[in-house]
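Below are two complexes that have subunit A in common, paired first with subunit B and then with subunit C.
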Partner chain A sequence: MAVITVTINDELVSGREGQSLLELVREQGIDLPTLCHLDGLEERGGCRLCMVEMAPGNRLAAACVTPAQEGMVIYTHSERLVKYRRMILELLFAERNHVCAVCVMNGRCELQYEAYTIGMDHVRYDYLTPDLPMDASHDRFVIDHNRCILCTRCVRVCDSVEGAHTWDVMGRGVNCRVITDLNQPWGTSQSCTSCGKCVQVCPTGALHAKGSTVAEMVKRHDFLQWILDGRENHQWTMRNGEPMESGR
Partner chain B sequence: MTTLSSKADTKKSESLKKPAGGKKGQSSSQKVRLATAWLGGCSGCHMSFLDLDERLIDLAEAVELVYSPIADVKTFPENVDVTLVEGAVANVDHLELAEQIRERSKIVVSFGDCAVTGNVTSLRNKLPVDDLLTKVYHEGPGAVPRGGEIDKVVPALIPRVLPLHQVITVDAFIPGCPPDPERIWAAVSSLLAGEPVVLADKMRKFG
Partner chain C sequence: MNRADLQTMAQREQEKQGKYRCRLLCCASTPCLSSGGAAVQQALEDAIKEQDANAEVAVVSTGCMGPCSRGPVVTVQIQGENDVYYENVTPEAARQIVADHALNGQPVQEKLLPSDLPFFAKQTKVVLSNSGLIDPERLEDYVARGGYLALAYALREMSPEDVCTEISKSGLRGRGGAGYPSGLKWDLVRKAPDDKKYVVANGDEGDPGAYMDRTLMESDPHRVLEGMAIAGYAVGADQGFIYVRGEYPVAAKRLERAIRAAERRGLLGSRVLDSSFSFRIDIRIGAGAFVCGEETALMASIMGRRGQPVPRPPYPAQSGLWGHPTLINNVETFGNIVPIIEHGADWYAAIGTEKSKGTKIFALAGKVENTGLIEVPMGITLREIVFDIGGGIPDGREFKAAQTGGPSGGCIPAQFLDTKVDYESLKALGSIMGSGGLIVMDDQSCMPDVAKFFMEFCMDESCGKCVPCRVGTVQMYRILQRITDGSATRQDLQNLEELCTMVRETSLCGLGQSAPNPVMSTLRYFREEYEDHINRRTCEAGVCEMTEVPVLELVEELPRRIRAAAIRNQ
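Moving on to the complex of A and B:
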């Protein structure tokens, strides 16, 4: 694989042709925030938190879906990018009912983490406070649309790792929802294998185990790499030996 | 509807330690005039404030508490230096008090998640007020008979619960449900030193 040279924040770094800008940036130890990205899943480029500026012209591109190329000049934390990232997070908080104080993922939520890390101490937009349902018809799991940020990790893991494709997306804009099968109660889904992968990869409290209450839900993303290592490399060992909690 | 309230982002950095003498209606005390107010919240933020424990003694040296749910003061006084406001704006009394607080305070701080985001208080926003009152009081067990007249005792609810900064200009934010004493102390000691409130990452966590 050809070696390429990219300039990140005015420093020359070496990368491999074909790798994503996100991967390259993180290899340099630079912390680029993400919500829809999860190691082991195909990229979506939906949350836009990993946007970088590309010279000349300071064009914006989502690093996760932009291949690194020879001679690229990018900036990861310009004033403009930080401003946009904060706006994105505020809009996510304004769109649904992310009431951290009464959420099962309080303290371990990736949305909550990204918000305080970026410096968000209040939301400047009007809250939409939509009237959204919860579906607790499944034996073991609950979907709470109030907490969903439409990252589609659940859709992707169900399709590409479990192979069931129970989850999908319907509607547009503020009416967009993740759905099970043909938009029917999760408990009546015929395709769902109840494997729980969707719950484990969900970054917020949208998908959680039934019976968990405030701040009780712990999710493990490491299982995904474990499955993929086994499937692709026939290695059945935990990478770091320790179970990993979500919330980077 | 408002979009961006950029006013809320302008931090006041004027020093609070200047002599207070010479102002009309103010005592000769050199202490910072501190107020705390309680709007639509559970008082948990005030409980957490009391959990400052021995730091309250240092605080008492530096401030004069001129208005608070823990002090018997009936009206919000003039010439307040710093006001911590707990709770969201949920009824007409809150609206009136919030306006008074803004007029009479140099620095207004949204104190805790309800003031900052609406939080639990705003969970009722998905229901129209009439439906809410019907559900809670008229359909429930031991139903209260509904009179057509406006209640003169309990202040009327406003249509939507609002975070404080959507009602008045707010100078600083202390998130948390409740904010733990450490972040309250970090914010209050910055304010007493006349510096803008800049909380560390984890001290900005909601919830």
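Moving on to the complex of A and C:
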């Protein structure tokens, strides 16, 4: 595998050819925020938080979908980028009813974490306060559209890892919604295997287990790598050597 | 069928047409049909039958002739005389045209369209050279005017590499709006190592007020098909798709017929013109999403997936339909291929400016005397388009701005009327060439209101994949709404400008990246209008009602409103 050299924030680093910029940046210990990206799922490039500035020309590119190439010069935290990231987060908070105080994921939510990290203390835009339903028809899980940021991790994990493709997206623009089957109640879905992968990968409180109340929901993304490693290497232990505990 | 058969067919058709002393060409494209073109054609046919003149007068239903606002349009072609155009033809007028003009050579004065109209004189018809002269539903008509000879020539005399070189030499650039050099794109696909390749024609024309591609597909479908077949030969593809907007049923029907007719005669399908080249074309109908005009979303739609763009690279030329290299060009770009092969790259490159070659079709709309479809050489000035071809602004009003490029473009104010219309000049002014919509506005148009209209369009049409476009357009629209109803503050204007830059720089596809353009260009040239709306709460054009007040001023406004309501109730 060919080695390439990339300049990140004025420092020369080496990476592997074919790597995405995001992977390379994170390998350097630089924290680049993402919401739609999740290790193990195909990239979407939709949240636009991982945008980096590429010299010359200062063109912006989403790091998750840009392959790292020899000689690239990128900046990850310029003033402009931080400003845009903050604006994008504000837009997300304004889009739906993200009320952290009564959310099952309060304290563990990725959206909340990113906003907290970047120092977003208020939203300058109109809250759109859409009238969105919840679907609690499933035996074990609930979908609360008010918390959904349309990252489509659930859609992707259901399609490519579970192979059920229960989830999909309907509508256009701000009226988009994730749906089960052909917009039928989740509980009546014929294709859903109730595996719960979608719930575990969801970055916010949109998908959660029934019975959890404020700040009680704990999600484990690492199961995904466990499954993918297991399938590839027939080795059903976690990366650090411990077996995956059941029931989580 | 081979080349000789093609020539025989052309000859036979020319002889057949020559037998008629007079031909009545009746426009049957969408604008004329919607203003009663079908009844006019029926009336012409009936009148000829009544006069028993079937042997000397023929009625031909053709494609678009250009002056769409004056439809239905009828052209009278008498052998040895200049063509005469009639406007606003009614069934009664049609009968009179047959009786007086076709049979007795006396033109009907009241419906006559002056033949020296600058509308026709200033145009250069290259892509639309057949439009309005042939019956789009008859292959023979197209062949009689030299159709499919370019394909035959390319297959026989040129190697695929030659074709790409010829296109590069001609300087043709993509007519979808961005202006990427077509020859370069063709060469990329040709060189891509894969056994299976595709050619896609993008006919998902969605800009409000634009109908260039529709007209080309409706008026001269075989030209598009021939251009695609030449492209297929040049890049090594054996399958083409033509993606037609769902709102264009006439275009889809005529293309379908054209494909069948061409396949039956061996001009498409397996072993095209008895060569070893095979090329099949299928139609895909869109389902009403504007974003499907974006190439990656369009390909997703062709593959039966949700019409959403995906990040580039990989570009379609590397990995497109089902992962194979795909050449995707606008319908109008394919319309340019036949003339380039027919007359040579040098002839083509002589038209236009240094960097923008050839002609461009515009759909001229808005506040001008002559609206319609025009084809002009690149480098023509806006003034010539608006005041010569368009005939100026009606009712003696002032020209204010021209909007090019639809929701992705911008407004060009009066001081730049003498700008040459080409890709670079328009870009420098903050607008784009776009697919060819050109809307003229007079002093009764309010610029923030125009910006609001386009922002609403982008908001509705955002696919919802990336956050800046999905939510940013909604927020920008709401700010514009406040500006136009009088409740905006200076903070709103600042937020709007920030959002514009952010959405443009961070969106995933062209739709989001260009959605702020109408706002940015109007802010650039008409900033005082925005400030008037905010600071003085007035709309000079008189479009916006300005009935609201900023939230912070509601304290003073509310008692006033209550008093006013009380007085009304007494």
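The definition used in the following text is that the second predicted complex is superposed on the first by the 239 of 248 C-alpha atoms of A that agree within 3 Å, B and C clash if a C-alpha of one lies under 4 Å from a C-alpha of the other, contacts with A are read in each partner's own complex, and residues count from 1 in each chain.
Just so we're on the same page, contacts are C-beta pairs under 8 Å (C-beta built on N, C-alpha and C of every residue); 3 or more make two chains touch, one makes a residue touch a chain.
Since the model is a prediction, treat every value here as computed from it, not as a measurement.
Within the superposed three-chain arrangement, the count of touched residues of subunit A is higher for C, of the candidates subunit B and subunit C. By the touch criterion stated above, A:Ile88 is placed in contact with subunit C alone, subunit B being left untouched. With both structures placed on the common chain, the touch criterion links A:Cys47 to subunit C but leaves subunit B unconnected.
Of the two partner chains, subunit C is the only one that A:Asn175 touches; subunit B does not reach it. Looking at the shared chain after the overlay, A:Leu60 reaches subunit C, while subunit B stays out of its contact range. Of the two partner chains placed around the shared chain by superposition, subunit B is the only one that A:Asp121 touches, whereas subunit C remains out of contact. By the touch criterion stated above, A:Gly107 is placed in contact with subunit B alone, subunit C being left untouched. Judged by the touch definition given at the top, the superposed model places A:Asn97 against subunit B, while subunit C stays out of reach.
Comparing which residues of subunit A touch subunit B with which touch subunit C, the overlap comprises 124-126. Across the complex, subunit A is touched by residues 1-6, 8, 110, 113, 116-120, 122-123, 125-127, 160, 163, 165-166, 170, 173, 175, 177, 199, 201-202, 204-207 of subunit B. On subunit A, the positions that touch subunit C within their shared complex are 43-48, 51, 60, 62, 65-67, 83-84, 87-88, 91-92, 94-95, 124-126, 128, 149-150, 168-169, 171-176. Within the complex formed with subunit A, the residues of subunit C that make contact are 289, 306, 310-311, 313, 459-468, 470-475, 478, 495, 498-499, 502, 505-508.
Put simply, subunit A touches subunit B in their complex at residues 93, 97, 99-103, 106-107, 112, 115-117, 119-127, 129-131, 215.
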